[in-house]
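One chain, subunit A, links the two complexes that follow: it is found with subunit B in the first and with subunit C in the second.
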Partner chain A sequence: MIPQFIVENSPALMVIVPLVAAFITPFIGRISSGIRSIWVGGAMAVTSAITLILAFDVYSAGTRLYVFGARAASAAIPPDSGGIPIRIIFEVDPMSALMLVITAISGFAIILYSLSSERSHTGLESYYTLFLLMITGILGMVSTGDIFNFFVFLEILSLASAGLIAYRIDGGVAVEAALKYFVLSTIGALAILVAIGIYYGEYNALNMAMIASRMQFSLLDQVALVLIIAALAMKCGAVPMHFWTPDAYSMAPSSITALLVVASQASLYGLFRIVFSLYSVTLNAVMVGWLIIILGVLSMVVGVTMAIPQKNVKRLMAYHAVSQTGYMLLGVGVGLAVLGNQPLLDAFGYLAMEGGIFHIINHAMYKGLLFLTAGAIFLRVGTYNLNKMGGLGHSMKWTMVFFIIGALAIAGIPPFNGFASKLMIYESVFMFNPVLAVIAMVVSILTLASFVKVFHSIFMGPKLPEFADVKEAPLAMLLGMGILALVVVLFGLFPGIVVENLITPAAHALVDQGAYISTVLGGA
Partner chain B sequence: MDLTSTLITGAGSWNPLAWILGIVVAAIIAWLIYSVGEKGYKPGTAQTEPFISGNPEPEKGMVHVRSGNLYWGYLEALKGYYARLVPLHTGDLHDYVLWYLGITALFLVLVVISA
Partner chain C sequence: MFWNLPLIAVVALTIIALATIVFKKNLIKVFLGIVILESAVNLFLISLGYREGGIAPIYTNAPSSAMVLPTPQALTLTSIVIGVATSALLLSFAIIIWKKYGSIDIEMIRRLKE
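Moving on to the complex of A and B:
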């Protein structure tokens, strides 16, 4: 039914479509804003469709290897290259496919929302161009099997993100937030580039499978590992390198903040990919695992405790994003800490990783949803200040319902998706170290307390005179929120199906370094 | 494919559909208790108006408890913690970079020593 050409070339098409569409968008915008809306909406819809086709193919037929500049995947290593895969390749395994699913769903929901939320703003050519470049960057980062290519897509993502964080200007405050993000991203990217230089100098290769097959964990490899871990941990907002997160998340338009959540998770993916697929058991898994666990615990505790006193709803949600990232780091960190111990890995290591990875997709859905509800509220009342809101449940009933779904999910209340992944993390982490599990549960209680405050402040109470004329959010925005809310509910109601078909294959793909290498090198 | 959607969680299992069934049963029991309750309740009469010891009811905007008034006790109890944590969030880019470089250096020492 789907043309074979599209299936075969889906890894390239999913990056080319948004990339080309991004640069054509300004010209389309010259014709009319209506045609531009159809263009960018259509481009994102096509990108999401291709991405989901690829993800489905990977989950049903196994890891996909796509070699740029060659017809067949078997040509990954040209005969005259000295056994080194010099061509750029995309290696899409179930872990990458999971990230593709996240990007496809979030990207489509957010563009639908943006078409309405940004309608009254100027400079939309730049907005949509940068939006599509962000999508390109994320999709490339999570698909590539070439570490320099990973750096290139990371840079595309960072530049586009910085532009969109500054999009509203907001008296210069948004520009300042973007500058902070940009400077930190650039320093982080430089560190990653140095690490890539180290790998190239040592192993004469940029292909990740090739580097992994030759990994010695020498002093230089240790330096490269630390440079990459620290940079990507900073990019995903791990404490104590999270300071840019509340600034950038609160100043970007809400639709972009929702996409920044996905972007942060692409960095988290990069961190996991490097640690597991490049280094695996060659590194001191216990030490690096514990470093990631400590980052996770700090992120959970500092994130949630900083969220509670916030009065700006988006800053509050941004700190919660930091806190939720902690759960993912904790789950996968525990898996890494027991990587060299097969009985422990089987007993709870895989489960911890599955919990952490399941939380990635859950968080992208409910946190994206929460940021979109914040944007809908801002559109109607013109403020993010919780002290100035109240009684909006009378006039924004659908937004309130979506907020409740997102809030209950992030707080880990059954039967929403956040509960399922947190339960997996609690139980597996308890077997590793009970104190960590107790901390994770306390953080969930504090998260619930925080969102009870937000819910009361925004929606409860009598209809306030200053908001007497407030109406519900426009239909397109409700549709965008509705897509994410539906996923939150479905993933919560059928967690067994999601874990069995999406999460478990992803966790095993991450751990199985041998399969990652042999897909490219063919066991050479 | 397991359509009952049971999630195996290591130490046990979780089935949201069974949980929802339990909630529905509890709701039915609650409704049955409610249905045999006091019949004299009349919405829209003085029964449903707030009684504030004979004082007039304040304006609607005045009775809403604003965000800044919530969790005062929690924040007061953890004043010492917040007095240390909040000042770390300076908003100064120099500090952000220093934290990042400091953590990188710390990780480098720990990873190299442990290798």
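Moving on to the complex of A and C:
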């Protein structure tokens, strides 16, 4: 049904299509804005389709290796290279495939949404160019098997994100937020580059599987690990380095904020990939595991307490994003802390990791949905200030329904997807350390309290006279939100199927370092 | 002794760069700090690739077989290109900040907090 050519070359195509489409967009935009909308929508739809084809193939046929510049994946190690994979290699295992699914669904929903929400703005050719570049960066980051390539895609992502955060200059305030984000992520990326230099100097390789197979965890490797964890924890917005998140998330256009959430998850993926696939059991799993757990607990608590007093709805949601990132770090951190101890790993380690990984995809869906509803409200009302809004439930019924779905999902109320993943985290973390599970539940309750307040001040109450002529959001925006809401509800109704088919393979792929190495190096 | 000279330079440049980024109040000087940090990292990568007596890996008429693997140079080249894009974006931010705020003192760029 699907041409073999596309299936075989999907890892390359999914990066090439948005990359090429991005740079053609400004030229298409000169013809007419309608054709440009079709062009970028079509490019994103094709990218999503290819990405989903690849993800489906990975889930059904196992880890996919794609070697650039070679005829077949078996040529990963050229015969005359002395056993070093010198070509750039994409290694898409079930964990990467999960991130691909997230990006494909969110990317498509968000572009549908922005075709309508950004219509009245100027500078759209650069908007869509940068948007597609962000997609390129995310897809490349989560599928590459080459650590320098990871850095390159990370930088593509940072540059495009910074440009888009500053896209609505807004009296210079948005530029200020972008500046903060970009200075931090540049310094972080340079730290990663130093770590890459250390790996190269030590192991003579840039391929992650090759480095992993030679990993000795010397002092230099510890320095590199610290640099990478610090940089990527900053990029995903974990607490001691979270201060860019509320600024950048609240100042970017809402559609971009939803994509920034996915971008943060890609950094989180990078963190897990480095810790599990590159270091695995060589590192002091208990210490690094606890480090990640502490980062997670701090993020949860600080994020939610900062969120409660916020007046700006997007700033509030941004602090909640920090708090939810904490859950993922907590779940996967618990899995890491018991790595190498098979009985404990079987007892609750896998469950904790599955919970954390499941929360990644759930978070991308409901948090994206919430930011999109905030954008729809802003489009119609013109303010993010909670004290000025009220009574919108009378006129924006669909937006209200989507907001309720997102808010209940983030608070972990059944039958929405947030409940499924949070329950897995609570159960497993309770067996590891009951105090952590109690903290996680308290944070969840505070989240619910906070969103009840937001819901009340936006939608409830009598119709305000100044918003008398407010209409429902346009159809394309509702469609974009509807896709995400549908996923939130489906994942909440059938968590068993999702966990079994998507999440468990991902968690096992992350733990099984040997399989990751032998896919590239063969045998071993 | 002299083997470590490039690495000592890397450390010195890193310290200068971080001090500039943290202590300078002028936005342009902060950006210069970032550029210096980039140079430090590039120097680090290049010094990793240095082998005494190695020659460029061009097979035609090569006098000996001791060739340098060109990967670090390729990495540095990529890193320089990314650095140019970074500097361009940062400076364009500075232009907008100057137009909108009338100042590039980081003490004055605090409207987000209000």
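In the analysis below, the second predicted complex is superposed on the first by the 523 of 524 C-alpha atoms of A that agree within 3 Å, B and C clash if a C-alpha of one lies under 4 Å from a C-alpha of the other, contacts with A are read in each partner's own complex, and residues count from 1 in each chain.
Definition applied: contacts are C-beta pairs under 8 Å (C-beta built on N, C-alpha and C of every residue); 3 or more make two chains touch, one makes a residue touch a chain.
From a predicted model like this one, the values you see are computed outputs, not experimental measurements.
In this superposed model built on subunit A, subunit B and subunit C occupy separate space and fit side by side. By the touch criterion stated above, A:Asp247 is placed in contact with subunit B and with subunit C alike. By the touch criterion stated above, A:Gly163 is placed in contact with subunit C alone, subunit B being left untouched.
Once chain A of one complex is fitted onto chain A of the other, the partner contacts of A:Val173 are limited to subunit C, with no touch recorded for subunit B. With both complexes superposed, B is the one of subunit B and subunit C in contact with more subunit A residues. In the superposition on chain A, no contact is made by A:Thr519 with either subunit B or subunit C.
Shared-chain residue A:Phe148: touches subunit C; no touch with subunit B. Looking at the shared chain after the overlay, A:Gly188 reaches subunit B, while subunit C stays out of its contact range.
In the superposition on chain A, A:Ser280 contacts neither subunit B nor subunit C. The least CA distance from subunit B to subunit C in the superposed model is 6 Å. The intersection of subunit A residues touching subunit B with those touching subunit C, taken from the two complexes, comprises 179, 183, 187, 247. On the side of subunit A, the complex with subunit B involves touching residues 179-180, 183-184, 187-188, 191, 217, 219, 222-223, 225-227, 229-231, 233-234, 240-241, 243-244, 246-247, 283-284, 287-288, 291, 302, 305-306, 308-309, 311, 348, 351, 386-387, 389-391, 414-415, 419-420, 423-424, 427-428, 430-431, 449, 453-454, 456-457, 460-466, 492-497, 499-501. Contacts from subunit B toward subunit A in the complex involve residues 1-12, 14-17, 19-20, 59-61, 63-68, 70-71, 74-75, 78, 81-82, 85-86, 88-89, 91, 93, 95-97, 99-100, 103-104, 107-108, 110-112, 114-115. Those residues of subunit A that touch subunit C in the complex are listed here as 86, 148, 152, 155, 159, 162-163, 166, 169, 171-173, 175-179, 182-183, 186-187, 190, 193-194, 196-197, 200-201, 204, 206, 247, 251.
Note for the complex: subunit C touches subunit A at residues 21, 27, 30, 34, 37-38, 41, 44-45, 48, 69, 71-72, 75, 78-79, 82, 85-86, 89-90, 93, 96-97, 99-101, 109, 111-112.
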